[in-house]
Amino acid sequence: MSLEVGLRHRQGAFALDLAFDSPGGLVALFGPSGSGKTTVVRAIAGLLRAEQARIVVDGQVLVDSAARVFLPPHRRRIGYVFQEPRLLPHLSVRQNLDYGGWFAPRGARVSAAEFARLVELLDIGPLLSRHPGRLSGGERQRVAIGRALLSSPQLLLMDEPLSQIDENRKNEILPYIERMRDEVRVPIVYVSHALDEVVRLAGRLVCIQDGRLLACGPTGEVLTRTDLPMFAQRADAGAVLEARVLAHDEAYALSRLACAGGELWVPRLPAPPGGTVRLWVRAQDVMLALELPQGISALNHLQGEVLALGDSGLGTVMVRLDCGGTPLLARVTRLSAERLRLRVGLRLQALIKSVSFPLAGAAAGAL
Amino acid sequence: MFHLSVEEWTALALSLRVAGVAVLASLPFAVAAAWVLSRTRFVGQAIFDGAIHLPLTLPPVVTGYLLLLTFGRQGVAGHFLAEHLGIVFSFRWTGAALAAAVMGFPLMVRSIRLSLDGVDTRLEEAAATLGARPLAVFVTVTLPLIGPGILSGMVLGFARAMGEFGATITFVSNIPGETQTLASAIYTYTQVPGADAQALRLTLVAIAVSMTALIASEWLARLGRKRAVGT
Amino acid sequence: EDKPVVVFAAASLKEALDEVGAQWQKEQHGQVAISYAASNTLARQIEQGAPADLFLSANLEWLQYLSVRNLTRKDSERNLLRNRLVLIAQKASRLKLLIAPDFPLAKALGDGRLALCNPAVPAGIYGKQALSALNVWDSVSARTAQADNVRAALLLVSRGEAPLGIVYSTDAAADPAVRVLDTFPEDTHEPIVYPLALTAASTHPQARSLYDYIVSAKARAIFVKHGFTVITDAAH
Amino acid sequence: MSLEVGLRHRQGAFALDLAFDSPGGLVALFGPSGSGKTTVVRAIAGLLRAEQARIVVDGQVLVDSAARVFLPPHRRRIGYVFQEPRLLPHLSVRQNLDYGGWFAPRGARVSAAEFARLVELLDIGPLLSRHPGRLSGGERQRVAIGRALLSSPQLLLMDEPLSQIDENRKNEILPYIERMRDEVRVPIVYVSHALDEVVRLAGRLVCIQDGRLLACGPTGEVLTRTDLPMFAQRADAGAVLEARVLAHDEAYALSRLACAGGELWVPRLPAPPGGTVRLWVRAQDVMLALELPQGISALNHLQGEVLALGDSGLGTVMVRLDCGGTPLLARVTRLSAERLRLRVGLRLQALIKSVSFPLAGAAAGAL
Amino acid sequence: MFHLSVEEWTALALSLRVAGVAVLASLPFAVAAAWVLSRTRFVGQAIFDGAIHLPLTLPPVVTGYLLLLTFGRQGVAGHFLAEHLGIVFSFRWTGAALAAAVMGFPLMVRSIRLSLDGVDTRLEEAAATLGARPLAVFVTVTLPLIGPGILSGMVLGFARAMGEFGATITFVSNIPGETQTLASAIYTYTQVPGADAQALRLTLVAIAVSMTALIASEWLARLGRKRAVGT
């Protein structure tokens, strides 16, 4: 399930020159518009023949320009959700969905039940007999996702697949992608501008800027790097906590976790007790208190020590905490920081509401 | 006025057969030639392109002569085909079909190529990522997308085949029942004083046939278009 | 600006008439333009007001066509040339065949065809007349390959597509790849006559001069050189 | 600046039948994929001739099928950012941007300075001489936005214009749209699935489902309606507070506001003192406490009374509060709710961190 | 071998003029006809379409006769045009150009229409929303987008015009210096036994001309394509 990518390519005024790897799972490509994400994905798909390239998936060399190896796209068994839908206009939605199956090896074809399940999930049942020209923008995008997922890929490439999908449907589709990642164990390359998707899905994060690698590493590590303005300035900057699932409380639909800094209650996670999960805690969701308040709705409080204070724009201060080994970021107004007299070494309580945890993937397998 | 003589019925039937066979038999070659011109670059491509257009550029009689020299009984290709494949063109309706096919070929290639140039290659890319090999991509994506161009080319080829007589008459002569097409028959009437009425009659028949073919093609085209609206 | 005298002439006259025209041009310092096409085409064009001064048809019928419509100067109509019909084979052919009533034409053809002109063009009409008169038409009528014009019929024979063909003697003489087997007796078909006339609409001052030159002895020599027989008496 | 839309139209199996109006400013169309948003926008643009329609902008009747009035698209002076970029492939980026200007009345053409400013803002300067076929997805979308804005429209139609734009650029473009809304006073119809954009930009919110109107009204009112599962189930459900700007604290980059329930500190707003602003407070950002805690970083606390308690899925409870006339929503886990013994009528403190306020538009003019 | 006589030079020049004028003069009409066929629906459209294709379907000689009857000095249209606009076709090079234009017309219309059918109307919509009136949309969007089809149609029309003699010779005869085109000259040579060398010589000239035109058109097409890649 590993992925290794090295590319060097020029197109027009743009030069791509980067290398990254991933032990498997879902790797997110993140970077501003025009930074080269699609170009990388096209190279992995074999649609772009980069000047110099080496791409290895799961030990199989797809491209090695030095050794003159270049596997053509149709032999790579990929499912590619393009940035624009690219549905085949002369085929019905059903035929578009079936298309990949026509060419998949017999054993690998998707079952009728799986087809029905995905159609249900994507809510495209009523569209099956229509042609793509008669769909709305979001409908097209959903069909494109379905088409890629139904081609029994051994590698999934998704270029901003959820950009025009509404929130509710997004929340139905994301678990399916997680299942592909964890159960079907398909390596996935995922391009997105939405940090919540990235955090939830990606074990590994690759940041690109101007065709060059800015950072590459486990999602949590990369996101908490304060030297990347790409993240630090964002409203949803934060830290990733690793925690172990202790138990589930089905009655309250909560899970009890243990991280280095203490125990946490979070909305019910799909991970089994004993499994490891990654949780994204946005800096703006962390409240700091000098003493533990009583009678408060926030279920979680971790005791921590201020490691560093940094300006994070717009009159706010980014506070780096160490909660018994667990790193945490908190963003407070400068006014609050002064009122609480925050300084390095101060010990305090970090309060986090359970409901403020974005649903993080059960990522034991993906790390 | 529309009472046709047996000979004229024969000429009409022959014209339809010749035009139909010419179009259908040359279609694969036309598609292949269009593909080569649209999708590949090679030295001498201009010459290839030019050669395809020759039957259009040259007076039909010259094309007819060249066909006779090449595909006649004594011609290199004609001899070879007769010997090895048993295909004889000279003074046969097959020769008329060959002449019609050659004359219509540039028209078909142009139309198909025009469509091919307009195909969004991103769709072909998408098909390739879904596992379709180049040939499968061509058959399942490219071919349906160039449907209008193929249809248009077939209409042009068919119409040209119906109207062609210069090359035909030169190549395979004007043998009633074998190589005398409607166009040859009309031509013959125009050569005779006082046969204007007959010529007109056959001309109207020719018009009716082409009109029918045209309407059928439009209907087919509309059918295709109705299915595929936008991407 | 010198407008040329315009001659409409049957295509088969090209070589001979080009030479005549060039001579006249040299001697009389006039300009001539000759439009060669099928006689029927030319006749209809004159009917539609074509700017022709002279018309040289390959048969009498199309001159007649104009004459009855008063489109020619009656006094200028004359039969200028005569041609013969011949039976030809490829140069290399071993065939020997003499023309006579009931001559074994069908047998000589074997499984080949007889190259002939379309009965719509004069050469085709004369050929059919001759073969009928000789009583062999019925045996070969289904075996003909009717070409668009004499030249095409000739080509069919010279290329070996057809073993035998019937063309004008002038044409046969011009093609080194064919051999004349025999000439059809003149009484087996209508006379092959090329008539000449000034058109009624001709206004060109030098038209008459060219007309006179064409019927002159100087021109006669050129026509003869190209295999035509020149009709000297102004018969009609 | 008003807008009045009434439509009835069938396309395939889909039936559109709705009417809404807006006093001006920016009206957002919100609804799941396939609900008919694009169809409505196309009708307003004049690209779709609905079976029955009446569309009036600013008193000018664009369409009135009863009176057989139909103004063709080119006479409507609209700027339309399509859901897909639709750039003219044979023109360069610069020519695409200029295109609208070729047809605008002389006086209405955009100045060179304005052109330069927008190009700078959209960061498309280096692309000007390129053709659209050689742009990345996000670059195309930015050019499409520029093209619409530069056509000096009298009505702006934007169909998910920011769907592929990264966060940082989005934050630069949004103020420009606000300026169009407030200073240039162009009525805008805006389609988006992103609630933060809608809240920030829209004075009026139109919710569509299956071609029918679900709700239409001031954004704050519609969003706090708990009978619309479209919003209540969303992770970012919340309430809109209206408040008056009391003063700005430039040193701390904060603004002090007064709402019916008390005073609030929020990140510096661009509105002048005395102006009215709308603030989006996500339910998940509101912490409830029985007593006011001390030494805590949250600057804001409003005293309130529980009006209602409702299940909001995933083991959470949505608490409707009335804070001295200001409605507020808070989402807490059911466990917390039980621990705090929440019940209707209970008086408590709602704590809101300043930094958790999404930047809300200064919307005095837009309401 | 390539020494051309004065008369042959004249024929070549005339052919170029005739083909050039035929293509350029008929282009606007071809574009208009293609637009009508592609974008409008009206009763009798099939008949209109059929009429456009007639010159392709009918033997050229018939087309020539019809032209002679209509646009000749005595024809209705010919008379009218001569009287009121001073345009005379009969037995002038203009007539040859008219014949070539008519013969090439269906080819041009088909190509342009094929392109027109393939134009993404969403782009035209976008232009309309930006304030472009229908005519402006057509000129600034549609026309550039159908460039390849127009070019292709022009190539076909030009080639056809170069090779056409059947209709030309029937309509305006074969008068050296006035209506004798290269194709007519070649035809005349092919009618004469022993003139093969001359016919071949002129044929090669014709091929060279068409080849040049073809290469020029490919070059233009590539230029256009280079600029516009995808949407």
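For reference, chains read A, B, C, D and E in written order, and residue numbers begin at 1 within each chain.
To be clear about the criterion, a contact is a pair of C-beta atoms (placed from the backbone, for glycine too) under 8 Å apart; a residue touches a chain by one contact, two chains touch by 3 or more.
In UniProt terms, the chains line up like this: A, D = Molybdate transport system ATP-binding protein; B, E = Molybdenum transport system permease.
Keep in mind the model is a prediction, meaning the values are calculated, not measured.
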Centroid comparison with subunit E (C-alpha atoms), farthest chain: A
Most distant chain from subunit D by Cα centroid: C
Between subunit A and subunit B, centroid-to-centroid distance (C-alpha), Å: 56
Centroid distance [mean C-alpha coordinates] between subunit E and subunit C, Å: 34
Averaged-CA centre spacing for the pair subunit D and subunit B, given as whole angstrom: 60
Length of the line joining the C-alpha centres of subunit A and subunit C, rounded to whole Å: 90
Overlap residues in subunit D, where contacts from two or more other chains coincide: 84, 134
Sites on subunit E at which at least two other chains make contact: 61, 65, 122, 190, 230
Touching pairs - complete list by chain label: A-B, A-D, B-C, B-E, C-E, D-E
In the complex with subunit C, residue positions of subunit E that touch it: 61, 65, 68-69, 72-75, 90-91, 169-170, 173-180, 188-195
Subunit E-facing residues of subunit B, complex: 46-47, 49-50, 53-62, 65, 106-107, 110-111, 113-115, 117-118, 120, 122, 148-149, 152, 155-156, 159-160, 162-166, 183-184, 186-187, 190, 199, 203, 206-207, 209-211, 214-215, 218, 221, 225, 230
Footprint of subunit E on subunit C - complex, ascending: 4, 6, 8, 11-12, 14-15, 33-37, 41-42, 44-45, 48-52, 149-151, 154, 171-172, 174-176
Complex interface listing, subunit B residues touching subunit A: 122-123, 125-134, 136-137, 140-141, 144-145, 147, 224, 227-231
Subunit D - residues contacting subunit E, complex: 45-47, 72-74, 76-80, 82, 84-90, 99-100, 102-104, 131-134, 147, 151, 157
